[in-house]
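What follows is a set of notes on a single structure, which appears directly below.
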Amino acid sequence: MRDVAVIGVGMQKWGELWEKSTRDIFVESALLAMDDAGVDSLDAMYVGSMTPGLFTSQEHLGSIMADYLGQKNIPSTRVESACASGGLAFRLAYMEVACGMHDVVLAGGVEKMTDIGGGDATHALAAAADMRWEGMHGVTFPGLYAMMAVAHMAKYGTTREQLAHVAVKNHHNGSMNPRAQFPMEITVEGVINSVKVADPLNILDCSPITDGAAAAILVPADMVKKFKKPGVKIIGSGHATDTIALHDREDLTTLAAVAASAEQAYKMSGKDVKDIDFAEVHDCFTIAEIIVSESLGIFERGKGGPAAEAGETSLEGRIPINPSGGLKSKGHPVGATGLAQIAEITEQLRGEAGPRQVKNARVALAQNMGGSGGSSVVHILEVM
Amino acid sequence: MVVGIIGYGAHIPRRRIKVEEIAKVWGADAPSFKKGLELFQKSVPALDEDTITLSVEAARNALARAEIDPKDIGALYVGSESHPYAVKPSGATVAEAIGATPDCHCADFEFACKAGSEGMFVVYGLVKAGLIKYGMGIGADTSQGAPGDALEYSAAAGAAAFIMGADNDRMIATIDETFSFMTDTPDFWRREHQFYPSHGGRFTGEPAYFRTVTGAVKGILEKSNLKPSDFKYVVFHQPNGKFPKRAAKLLGFSFEQIDVGRLVPWLGNTYSGSSPIGLTAVLDVAKPGDRILMCSYGSGAGSDAFVFTVCERVRKARDLAPKTRWLLDENVNFVEYGEYAKMRRKIRLAEK
Amino acid sequence: MPPARSWRTYPQTYRLEAARCVKCEKVFFPPRLVCSKCHGRQFERFNMKRTGKVVTHTVIRTPSDEFSGEAPFAVGIVQMDDGPRMTSQIVDVPFDEIKIGMPVKLEFRRLSTEGEAGTIHYGHKAVPVRV
């Protein structure tokens, strides 16, 4: 297998992009990535998107995006793993370059969530869970994470305030991110007093509904010198699944798919969790960031909440988590999130992150998750 | 062949609303409603409870008491005036849920409030004719009363299920006699597509309820050569607390005889469940050898009367499922009119 | 949900029919074609007892459209006495009385309807066990 590097990334400002269609959004960020890399043509591409069918009644994105990106006849694959679609698209692109099949491959992710009403969007997102055996009872996505929170709080004493600290930190980071959907500071009281969604989660514990896309260009590592900007090397990749239904998990207070995918990535990279300088993780809900931080091995089981409260995961902390603002502040167009994490990591490792810059960042981890933890994709990247 | 009840069970929703709560909203005088109807409160089904769900739970209780394999049930009938579908039988879902399908005759019955006793009568007949081994007759309702109307104070929800069979060693109470009395009497009705029923006011009393119940009871007493004092318990259809008392007086029964089976002051009128649920409450306390008279009443109008004699097995069987008085009095939750209106779908929701 | 999809799982939604792996005895609800523990392919079907304990819970305050008239309502994961866990609403109990470990029994209830003209979906919901 060849070493692979990311040579360009692109992402537009995320939000409710009323004037832009799915293909507008994808092509826009793909072109930004191609311009960042300085490439005009691709050998292959991957399009991560959770459910263009339910959100926009359109499938066959592989063909559409290759077509609208002006890349005639290239192989183009739509990838789906619920909210980990983007991360998985990135992994497949990595594998395609690593195995020597193609040299210049684009991994992009897109989701257009705002054409349909809130109720229909909730229904579409619920398809990431077990529609038949969870959805039929009226459990919503926030409901599933709320149940994890209740179990985590009962077992470890995690508090409501600790959850809120995660949202406050991410908004603080996001306030410095020009592409974030909600770049405003919030407070712990503000989170706790916001509209209730599923006890104990309030609306400010939950990532928003967003339109957006992000893309990355991957090339063999030894081709990097041909390009204008520094490459960032992919040194580890992991992918794991767990039961679709939360009720079938062995332990409700941890995310086994996250731990398993991380272990694969650590092993492949030869790195340990203490070598990670910062991480972009899947904070679809505040509790998710806390549990993920434990499942990645950053904190011991049950210590994720106190660590967040103590500021260990802030930009100045021991291990910054979500310097981009996370899903919470940046937005969460589900299929695109995994690639936005790669975009942030690439810019951070190149030293281009401006006021959000993590000092001395050399090795970073991206963790992207599907559903309530039914799938997880982890990548570890390092400066070249 | 001696045929009788080999299993019985009731199910009552947990919510209750007091007469005062309803009267408060419509500016009515609660004490006079309570006095006039002899009714304090009624049961309220939740949004997720309907005739089918109540029937399934009552049927499960009856099966627990019968101790039979549900596959041996050869016929199952649900009688109600609030079947969830206009076309698709409640009985099919109940039979599927309890595991009586596919070898089972099934139908839904309706005849206002006597739809429950009809199912009981028909399965009794099928067992007696030797056509089936066991049959289940269920009376269940979640009927509506128009807001502010007198019926709103009493229209309640509940179900009772009876399994009839001929097994001597399963007999809880034998059916010794039946008698049905029926005429066309337009006292209470609901036209198709109407949400609430209508009624003839005072016409529902003497010419309807009392004439019909009296006809059925006199008929059964004559047919079986029995007199009122031969009975330990009598259960009349109970649209309110007063009617069964008056019927008892007219026919020569005492208050003590109707007391145990007269649940309406705390339960409300469960329509097709009314006398059947009253009968389950009697079976929960009756002694072997006690004779019971049950007389249902359905507007339109008709009454089905039954004479039962309680058997030894009642002592064991009654403890195998929750007793009716416990369902009525324990673990209840009183609601205000707002929640009541939401549960009864009286609030107009946004169009989808 | 189309009628066929609802109908094919009546044994599970109506009777809580589960499947026990003949080789390793792990119980699955709903039944499966292959055992996730030992990869066995033979199962014994049976109807679960309708009792269990609450393992975790929440109150849904912002429901999906299908359940819009019903919020707020409680849901939880119930550990069935016969082994598997299932997701279920928890009803007829004040929200603040729902606790991890609470014993429940499953009662037959309406789960949802396909609008005013569509079919009604029945299943079970958890209610507290009261003595």
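Note that the chains take the letters A, B and C in the order they are written out, and that residue 1 is the start of every chain.
Keep this in mind: a contact is a pair of C-beta atoms (placed from the backbone, for glycine too) under 8 Å apart; a residue touches a chain by one contact, two chains touch by 3 or more.
Computed from a predicted structure; not experimentally measured.
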Checklist outcome for this item: Per-chain Cα centroid nearest the overall protein Cα centroid belongs to chain C
Checklist entry - So which chain is the furthest away from chain B, centre to centre on CA atoms? => result A
Item to check | Centre distance in Å when chain A and chain C are each reduced to the mean of their C-alpha atoms | outcome: 32
Next on the checklist: I'd like to verify one number: the distance from the centre of chain B to the centre of chain C, where each centre is the average of its C-alpha atoms, in whole angstrom.
Outcome noted: 30
Checklist entry - Cα centroid separation between chain A and chain B, in whole Å? => result 59
Checklist outcome for this item: Among all residues of chain C, those touching at least two other chains are 65, 68, 70, 89, 111, 125
Checklist entry - chain A: which residues touch two or more other chains? => result none
Checklist entry - Touching chain B in the complex: which residues of chain C? => result 10, 14-15, 47, 65, 68-70, 89, 91-92, 107-111, 115, 120, 122, 125, 128, 130
Checklist entry - Of all residues in chain A, which touch chain C in the complex? => result 119-120, 122-123, 126, 130, 132-140, 142-143, 146-151, 154, 195-201, 203, 245-248, 252
Checklist entry - Any idea which chain C residues touch chain A in the complex? => result 1, 5, 9, 13, 30, 55-68, 70, 73, 75-77, 84-89, 95, 100, 111-112, 121, 123, 125
Checklist entry - Which of the residues in chain B come into contact with chain C in the complex? => result 14-15, 46-50, 52-53, 56-57, 60, 84-85, 93, 96-97, 99, 330-331, 333, 342, 349, 352
